[in-house]
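There are two complexes below, and they share chain A, which is joined by chain B in the first and by chain C in the second.
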Partner chain A sequence: MTVLSDLDSPTSLPGGASSSGRSGPARTGALVRGLRTSAPVLPFLAYVIVVLGVPTAAIVNYAFRSNAGHFTWQNLHSILSGGQYRAGFETSLKLALVTAIVPGVLGTFIAYAISTSQHAPFKRITSATSGVLAQFGGVNLAFMFIASFGFVGVATKWLNAIGVDPWSHGFDLYKFWGVAFVYMYFQIPLMVLIITPAFAGLRPAWREAAENLGASRWRYWRHVGVPVLTPAILGSMFLLFGSGFSAYATAEALTAGTVAITPIQIGAILQGNVIAGENNIAYALAFAMIVILLVTVIGYVLLRRRTSRWLR
Partner chain B sequence: MTVATTDSPTATNAGRLAARGAPVVFDNLTRRYGATTALDGLSLEIAPGELVALLGPSGCGKTTALRVLAGFERPDLGRVLVDGIDVSHVPAQRRDMGMVFQSYSLFPNMNARDNVAFGLQIRHQRAAPRRAKATELLELVGLAEHVTKYPHQLSGGQQQRVALARALAIEPRVLLLDEPLSALDAKVRAELRDQIRALQQRLAITTVFVTHDQEEAMSMADRVCVMFQGRVEQVAAPSVLYCQPATPFVGQFVGVSSRVPVTRRGDRAEVLGREVPIRGDLNSVPTGDLEALLRPEDLDVVVNPNGLGVVTHRSFLGATTRVGVGVAGTNLLVDVRSAHADELDLGTRVDVRVIARDVLVATPRRAT
Partner chain C sequence: MASLEFGTLVADPSTIDQPFESDTPVTRRRRRIRWGRGVILFLAALYFIVPFYASMAFSLQKPTGGFSLTPLTQIASAPGFLSALWLSTQLAVITMVLVVLLMVPTVIYVHLRMPRFRRVMEVITILPIIIPPIAYSVGVLESAPAWLRSSQYLLAIVYVILAMPYVYRSLDSGLGALDLKTLVEASRSLGSSWVSTIWRVLVPNLRSALMSASVLTIALVFGEFTIANVDNWTTIPVWIYLAPTDNPRVNTLVAMIALLATCLVLTLIVSLDRSVTYNTDADSRRKQ
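Here is the complex of A and B:
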């Protein structure tokens, strides 16, 4: 048996580094190399720490502190035990669910149409339009809908002219279903954007293999297409849920707070509308939102991981 | 001019395997994609239980022919007959053909057993018997321990075996193999090649096998159909294809050939100083400049210090060694027994002799 000296060892590195135990200078060298390779992402990391990490830590800290600065469960208890804050949460969750499921389903069908279309311009136009509309929200969107579907909006007038009056049939742009209606405007394109790559991942050979084994188009979708896409669709709906749950500006501009959802309640507290002794309630609300969004993101990542394994 | 020739489909296996496979006929198939003609009057008869390989360079139409047979493409002209019935307009899902795809194409949401049982499920077979049959087929292809694994948990070779079992599960009248081994490494390819051939013979299924790998085609098929530009160049048993290529294209495409300028003298050609009979129909031999297509085993070399040839390279192939010899600006490949190859060092002067009984002649390649 040959015994290699330290000098001969193939694991010896200039500067004395070896695989078994590293000396101080070697460790320093490795650290420098590591820093050098990760240098490009350091600015982004710093940015994330400043704008996300620090505020999140502050929220978590103050969510469990009384006005006097002591640890307490009271803030969370206040928002979960009932009253306006719990009602706000329930409305937010309901709004997020509605604006995740309906756009999720509609967006899936649109993405299917895009992916199966042989018409290249149609594909390009719908994809580009979805990219723009998914980013369109806030005051501009609220104003557009007020101008179109408000009580004296242009579209409302047109509908009135042909004998349809949505407002007399219970439609109200400034209530829950009105807000949900407006959210669809950016949630549907968002769904199209997210789910279209999953459709593109469906291999034509799977359909041919199914056909070859005797399956009709319907049975292919039932046994293969839909099951393969389901995790991606559900994962995308998780994202829509998060988007609908956290949206603030559109609802605020549209309803001026008459539809009480959690982001608007947090906004109100930030503007100084605080009940005496509930200074840290806004932190507790934000903390609860973070928890819900965290669950949403984890659900999305898990489902997406499953799909990516199938569709790679 | 090339002359397509076709051996009778009553080849080797046909008689004894006729019980289960169906006869297949491509009748004058034409398929065009815009200005491109993928199939140009393709005609081919395949006997029940026979394995025919469609072999040719990329774009020769072999995959199109298979897809027309599978029902994924419609011919512009011509018919496809299976068991004597025209199926040209029968949808793919009603053709009862099993197909193995190049990219495996296993359903990713199903485990191996469910993939194999899929065709039976579509045929409304009950869960217990279809699972039993799927398990049995997976055992047949050597995957008994992997029945509950999903495609992403299987290697390429294992996935292709599952695909084969899935295609066989529906007891197809015709088995279609679309370059099923091309994505696998050499060792797995060789194993699976033998396995597919053994299963095909055991189950007696008429099989059409598309490949661009001539070694695969020659080692597996009862007959090989060489295609070029959408047409059949020659259909024959592998040995016939190799030893008696009907056209210069087949001679050049199948196996290794050297091209040597020749002078025609009646029904003979003068090759490297020796007159050798011209193979095939003399009426189809072109006029003008000609070249002979010579296999490495059609030639022999003898060491001669005053010879006209010079050894330019040597490749050890096992029992034989392939020697490159430069003669008057032409490089010839000659197979010699490895035991005698030691004396053929690089730069050795040699004489090259033609030992073939006859030769195939063609116009020089640049002129074709």
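Here is the complex of A and C:
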């Protein structure tokens, strides 16, 4: 998370690389010198521009082009005005929201439970485990859940043995809530991982001060703990939202593409499972996803700035 | 403290004792917290351990009960598995070589001569994490020239971009821990060329950073599903997903092995360098 904090620095504009902004006779000399100094990083820059920059620019460009190549709002309009792609976006946003808020809250409690522990090895093990579990995801995670909570899964059988049958009570691993249930497996550890430093920043002196002033436990949390932690918790939820919104592999492998979220729809277009001539729709969907993620990241950066006022 | 003041004022032994009395609810409260913590952690542990154990049981249990390791022997003969493994291995090696050749000299140079450029590098290398892989794959597949699009090596070229964030951060913190200037000046003034300075002085000093960078790259290539799937190349994760399902236990077993390998890899990195791992753990979450 240390990385994202640098996004808001003013010096991060690419223009800062070579000192070409000067005027007067020194300008050409400075430009040449700047180029010579930066020559060794040119292969890296060229690679990034060709392999990352060009495709991204293509997304932005073709999202606004008709099949004939003219500028148009039609692609964006047709995915936002209604139909399956609009519905896909709504499902995606709902999924991202659910898998940001529920694991966000649960992860906060778990992180608090861990951080109040007096047992140092336990803390170390849980933080390492969260790091590992936050990496889980994709096909492997989907198969793990199919094997355990699928219709004939092992854990389903265990539940049946004690008289609980989740599948006959509306549980369906391959529908929306099933996907959300599986996403929790990497979202909760991710939340624990990024919120734990905030608990460490909650200084014992504040609690002692509140207690000495006669505050109850409830009043301490109401007036000190929660207000101080809120930006950190919200910011972390923004990151969880981004992670849930862009996830593709887990949902695709779990539901074989039947839960119509935007990433799965994009995948279907790319694999040619839909009528031809919809390529520009794929661009528009990708463009809209990037815009939503940019907004998420900006929200995270702003909240992080607020967080750093109290917590370091 | 207020009650203590009050007690001395009244000079009554029973009121002086008051703070001790008021301690009792506090300890009771503390005990309640500990109990609540136990419940929370127990439920969390249950949620994370049950699927793991259950799918191990699913893939290794015999229909008659009891565990058997025979499914392990069926993996290699499963149709398509070996070619998927070969493809993933090739991609991992190519990606690793490319990303190391591209990043190591660049990051060293930036640390040495262009410290201000580090900000730019940080922003550039965060982009692959922000842009969703599925959206990125649209741009890649639709803008790549046809000859490249039909080649599996397109994946390696793209994976270099996906690996950059982790490789950059490993190298950046590895270099930050070195007295780079002294090392380079000493090596150069003893007459070695730039290439041999990098190869014989810096690389040995960066061993643990390079190690974790390459291990993360390999893990990334072996785990990447999105782009491989939409580009219709059967790498290991795509094989797990698409393989003929006459024996789903084998697929699940391979998935479990992949997950265990992820655990192993990350534990390895933790033991290699704590500071490096802290960054990478927090950042590499976009894989899902």
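FYI, the second predicted complex is superposed on the first by the 255 of 312 C-alpha atoms of A that agree within 3 Å, B and C clash if a C-alpha of one lies under 4 Å from a C-alpha of the other, contacts with A are read in each partner's own complex, and residues count from 1 in each chain.
Following the convention adopted for this analysis, contacts are C-beta pairs under 8 Å (C-beta built on N, C-alpha and C of every residue); 3 or more make two chains touch, one makes a residue touch a chain.
Quick caveat, the model's predicted, so the values are computed rather than measured.
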Partner chain(s) touched by A:Ile110 [first = chain B, second = chain C, both, neither]: second
Chain B versus chain C as contact partner of A:Arg309, first or second or both or neither: first
Touching partner for A:Ile59 - first (chain B), second (chain C), both, neither: second
More chain A residues in contact - chain B or chain C: C
Partner chain in contact with A:Ala205 - chain B first, chain C second, else both or neither: first
Which of chain B and chain C A:Gly214 touches, first, second, both or neither: both
Touched partner set for A:Gly153, first chain B, second chain C, both or neither: second
First (chain B), second (chain C), both or neither touched by A:Pro227: first
Partner chain in contact with A:Gly137 - chain B first, chain C second, else both or neither: second
Where chain A meets both chain C and chain B, residue numbers: 212, 214
Touch list for chain A against partner chain B, complex: 203, 205-206, 208-216, 219, 223-224, 227-228, 309-312
Partner chain C, residues of chain A touching it in the complex: 1-4, 6-7, 9, 11-12, 14, 16-17, 37-38, 40-41, 43-44, 47-48, 51-52, 54-59, 62, 106, 109-110, 113-114, 116-117, 128-129, 131-149, 153-155, 158, 183-186, 188-190, 193-194, 212, 214, 217, 239, 242-243, 245-250, 252-253, 263, 266-267, 270-271, 279, 282-283, 285-287, 289-290, 293-294, 297
Chain A-touching residues of chain C, taken from the complex the two chains share: 1-2, 29, 33, 36-37, 40-41, 44, 47-48, 50-52, 54-55, 57-59, 61, 102-103, 105-106, 109-110, 113-114, 116-117, 119-120, 122-144, 157-158, 160-161, 164-165, 169, 223, 225-226, 229-232, 237-238, 240-241, 248, 251-252, 255-256, 258-259, 262-263, 266-267, 270, 277, 279, 281-288
Residue numbers on chain B that touch chain A, as the complex places them: 70-72, 91-99, 101, 103, 105-109, 118-119, 121-123, 152, 166-167, 170, 176
